[in-house]
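In what comes next, chain A is part of two complexes: it sits with chain B in the first one and with chain C in the second one.
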Partner chain A sequence: MDGSDIGLWGVPLAMLAGAIRVSTPFIFVSLGECLTERSGRINLGLEGTLMMGAMTAYGTALLSGSPWLGVLVAASVGLMLGALHAALCQLPRVNDIATGIGLMLFGTGLAFFLGKPYIQPKAPNLGALDLGGWSSIPQVQQALQVNPLFLVGIVLAFALAWALKNTRWGLIVRLAGESVDAALAIGASVGRVRMLATAVGGAFAGIGGAFLSLYYPGSWNEGLSSGQGLMAVALVIFARWDPIRCLWASLLFGAAGAISPALQSVGVTQGYYLFSAAPYVLTLALMIATCSPARSLRGAPAELGAVK
Partner chain B sequence: MIDRFNIGRRALLGGAASAAALGLAGGAQAQKPLVVGFIYVGPRDDYGYNQAHAEAAAVLKKMAGVKVVEEEKVPETVAVEKSMESMINMDGATLLFPTSFGYFDPHMLRMAAKYPKVQFRHCGGLWNQAKNPMNTGSYYGYIDEAQYLAGIVAGMTTKSGKLGFVAAKPIPQVLRNINAFTLGARSVNPKATTQVIFTGDWSLPVKEAEATNSMIAQGVDVVTCHVDSPKVVIETAERAGIFTSGYHTNQAKLAPKGYLTGAEWQWEKIYVDFVEAMKKGGVPGNFVRGGLKEGYVKTSPFGPAVSDAAKAKVEETRKGIVDGSFAIFKGPLKDNKGNTIIAGGTTYTQTEPVLEGMNYLVEGVLGATS
Partner chain C sequence: MGTGMGTALERIAVSALALLASAVIFGLLLILYAGVDPFEAYALMYQGAFGSWFSFQNTLTRAAPLILTALCTALPARLGLIIIGNEGALVLGGVAAAAAGVAVAASGPLVTNLAMAAAAMIAGGAWIALAGGLRQYRGVNETISSLLLTYIAIALMNHFVEGPLRDPSSLNKPSTPPIGDANMLGTIGGSDVHWGLAFGIVACLLCYGVQRFTTFGFAMQVIGGNPKTARMMGLNVGRYVLVACAAGGAAAGLAGMVEVAAVHGKANASLAVGYGFTGILVSFLARHHPLAIIPVAILMGGIGASGGLLQRRLDLPDAAVVVLQGIIFVCILASETLYGRSWAWLWRFRAVEGR
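== the complex of A and B ==
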């Protein structure tokens, strides 16, 4: 058998490769949103944070020559945007959904405006680890080129799940999200907890943006996100506010997004518009399958969306 | 209500502007510049479609007595009508170039009816003398000629015989490029095939990268594209170490090793002609078409991987296209479902209107139009 022709096996392999390549921004943004929402705050502005992260990471990598410095700057910008959202939401009678939408538009607009000079130049790339060296099949080698940020994302998902469950810090975050009275009773400052959780969540989203502009697809332009930040926020609901499920959901979205090009490349060419819609169809199907009136929002933090 | 207020404000501002112009008219009346408006659907520095137009607009800016106004990232909605109105009323534009496909119908036609003294020229086709007003028109380049030449280079360079084409939507202009590229490749390498992947829209960076990667996984070793910004496709292919053929503008800088050649626009030729016509007191042509011969399109300089044999073959074919002795679409030609599209003995010259309604993929293309 010719080593370069693996026929229909290419489809599951391409979906695996797609999951590895495409899912990282989903992982980071959904983990950030998960942390924020567990503390009782919604941040819909992460799409804007993602774009700002992507733009600043690209600009920094271009000017300094170091892509990892770009990731760091993207995280700091995300941290600041998250803190801004948290600070605004702490003002009396401010609705966090409206603020989030405002910051989403602000972040994307600012990223487009400041990012103008970075559309043309070519910044250094983050690079990948070759984990497929054991295989002689080029497709497998290609699929297993893994960016370190993907691995960081996986570790982060497990670490976040463990910390929320087992540490005092995690307990306080959960308390802030579930019952403000209980949090106050043990002497925690709900405002400060939410401020930190939102800021750190923003930093995660910033890193997700850095992945987009510095690794895959690996250049800055205005269509870069095409709504991935918003989809990741929706993923959190789908994942029932559980970091590990956020990870699986992100991988599933990445794989579903790879179906359309993968099928076309092996010759299944009819109805590619339909396959392009696969991630959304999948979400709807899973939502319907997992929802029931008896436990429609199980896992949702009780304080979420309450306007103070 | 809001709309009425808008028009009122615009009329007011327009009135104010003309009043101001009257006040200043003393010395400047003799050399009132020709104001030309350009509208782009994306950023004008995208290494692609919009940049090709913006580069030509930059040439016009250097002409004496011409003022260029530009607006970028204008969606193909009523937003473009507002852009056109503001260019006409506020800037005094008398020649407008809405460059994106979806601007034409109904937006540009509506504005043309409202402002009969302004000349509108649309890039891409569809203008019909029987149906459309005479102050509108269309221009386009036969870029499939350059794609055919790029296909020859690709066919002579590929080792696997598998070529890849990342395309946005199956509209006639895109299909014509895919077909010309494939025919070019198969004229020198009859076993070559072109795998086409449609992403569904003009600018979807993640999908474009994913499409390129899945073709690389299938053994494709030369990839080209028809999307608004080829940057992502070219960079992804260069990182994987395969060859690339550019589109819209020269992308050699993005892929110093793998860039073979590319099909590029030269809009400045058309725009300068149009502006000259306006300055002489006439109007630009209503239906302007041209290819390699007229200088509306060209190929990028050859990259380092192109063999001398391929260069010679390209130059020979180029000569044939320019002097009219060679036609790309001629019978017998079959589509990739086995139907005969052009019967033996029939030859379509580039100006043939049938070609502008192309809705098939030729034999050798792996893919479908729906």
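== the complex of A and C ==
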């Protein structure tokens, strides 16, 4: 094999490349949502956080010349939006699902509002590590251009899974999500735990947004996110609130999202838009397959209202 | 003072407070970020929304789809469901209406419009009933499923508009064939406001009537209050969920039909401009009350209508109105916490003063 013409093999290869390239925002947002939901709260506003993260990261990279500073700023902005969500939800009688939708609208709108000046100029990119040098096939080389944030996301998934299982801090987060009474009994402040878990979850989502604007697609515009922040919520349910399974699910979603451009590149143009709906159909199908009206979902935090 | 009157007053007072808070927050944002005088901005917004007969007609035209899409959230909310698939029901309704309109375009405006409305309501109703049914019979969270269905609906719209239903002569912006000028939905009286507004108001009155005066509406209230009690009373909860979701979806689908039949004349990507998402906001702002939806939709339509003026005169980004809507949404939700408290506080205040 020497040429760039690899025929139909291009489709699975493009899906692999898609899994690596497109999945990173899913990984970060779903890990953030996973942490938040394990503490017993749902944050539907991560789509807004993602957009704010993307916008602030791009703006910072543009003004300072340092994309990694942009990632840091995006994480801080995500932290603040998460904390805002947590603070609002702690008020009595305030519904966390509706507040999430409100913050989604607010975050997206604010990102468009403040990000208007950054649509035209080109900010420095995060860059990638070349892990495909061993292959002579350009598509393989291209597929294995890996952004460092992707690797950070993988490490984060394992670290979060370990921390939730083995640390005192992880135990308290799980207690807050499983039984408020038990958490109170050991003297933990449920409010503070959820505040922290929601804020840190927001920071993760902010980093996911930074990846969107600083690496792939690598620009800032109003159509940047196609609902990754929302799909991540469904993805966490699909992954049964397990960080490692969040990672696999994110890779699967990334691959599903790459189906339609990949098919188009090998000449299958019929139903382009139908294939572009694949990730959403997949999520819905998985939710239908795994949910049941008789019991709450296996692995679901007991205090999480949205899945009761 | 009767409790009914008291709670109504409380609602108005708390909502007004939340709106005031949003105005202050948005004003601060305008000063800090854009260096714009907020009072000038609000004066312009008033002018752009309600300042003249021309702008008020524009506001009412925008309010029409908002009234209809708001019902898509408000009706299921009565049963305790949070449906946010309004945009999906709207675009599918629009596509179904355009397809039906083209199919029967030769049979006169009345038949065409009726066929379009029926197709749109069936498409939108089935779409949201699907989310309700999944919730009821499979335990799938309706908020997330209805949102996923929105993305699927937009993909379906793109598929139909660029594929099977595409008018070959629509080159730059793929569209369905036009339904024809003769078949367009007319305007009310001598105004520029199309009949969609009347559809919306009638739908709200109808929903209010059903909720307030019928056993069906009472049963909905029982289910929303406590589904377990409702089941013990022998109510078929699933049926109510399906009917409420289908009715809400039909309203949002009708909004799509109105956009096609009265505004665009064909279905294309212009259908998905966010009326569905703003409808969610309208429903929450109106606390899911069918009659309150009408003024709230006019207010939100006004904010939307004033966006262009803000952009032209003050050089603000067009997303400014979305930010304001987002702030209002968050403030209204946060104000939920004031209910029941504010009056006790006021009462204590008065008692101290009176002493």
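Here is the rule we go by: the second predicted complex is superposed on the first by the 290 of 308 C-alpha atoms of A that agree within 3 Å, B and C clash if a C-alpha of one lies under 4 Å from a C-alpha of the other, contacts with A are read in each partner's own complex, and residues count from 1 in each chain.
Here, a contact is a pair of C-beta atoms (placed from the backbone, for glycine too) under 8 Å apart; a residue touches a chain by one contact, two chains touch by 3 or more.
The structure presented is a predicted model; accordingly, all values stated were derived computationally and were not measured.
Trainee: Just from the overlay, do chain B and chain C fit on chain A, or is there a clash?
Mentor: clash
Trainee: Considering only touches as defined above, state whether A:K116 meets chain B (first), chain C (second), both or neither.
Mentor: A:K116 contacts both chain B and chain C.
Trainee: Please work out whether A:P12 is in contact with chain B alone, chain C alone, both, or neither, and reply first, second, both or neither.
Mentor: In the superposed model, A:P12 contacts neither chain B nor chain C.
Trainee: Applying the document's definition of touch, where does A:V94 land relative to chain B and chain C: first, second, both, or neither?
Mentor: second
Trainee: A:Y273 contacts which: chain B (first), chain C (second), both, neither?
Mentor: After superposing on A, A:Y273 lies in contact with both chain B and chain C.
Trainee: Once the structures are superposed on A, label A:Y216 by its partner contacts, choosing first (chain B), second (chain C), both or neither.
Mentor: After superposition on chain A, A:Y216 lies in contact with chain B alone.
Trainee: Please report the chain A residues shared by its interface with chain B and its interface with chain C.
Mentor: In chain A, positions 112, 116, 222, 226, 271-273, 276 sit in both the chain B and chain C interfaces.
Trainee: Hey, which residues of chain A end up touching chain C in the complex?
Mentor: 44, 48, 88, 91-95, 97-99, 101-103, 105-110, 112-114, 116, 222, 226-227, 230-231, 233-234, 237, 271-274, 276-277, 280-281, 283-284, 287-288, 291-294, 306-307
Trainee: In the complex formed with chain A, which residues of chain B make contact?
Mentor: Answer in residue numbers: 42-43, 45-47, 73, 160, 195-200, 203-211, 213-219, 229, 231-232, 235-236, 239-240, 253-254, 366-368, 370.
Trainee: Contact residues on chain C for chain A in the complex?
Mentor: For chain C paired with chain A, touching residues are 33, 82, 84, 134, 136-141, 143-145, 147-149, 151-152, 155-156, 158-159, 162-163, 277, 280-281, 284, 317, 319-320, 322-327, 329-330, 332-334, 336-337, 339.
Trainee: Residues of chain A touching chain B in their complex?
Mentor: Within the complex, chain A touches chain B at residues 4-5, 10, 13-14, 17-18, 21-22, 112, 116, 119-120, 122, 125, 138-139, 142-143, 212, 216-219, 221-224, 226, 228, 257-258, 260-262, 264-267, 269-273, 276.
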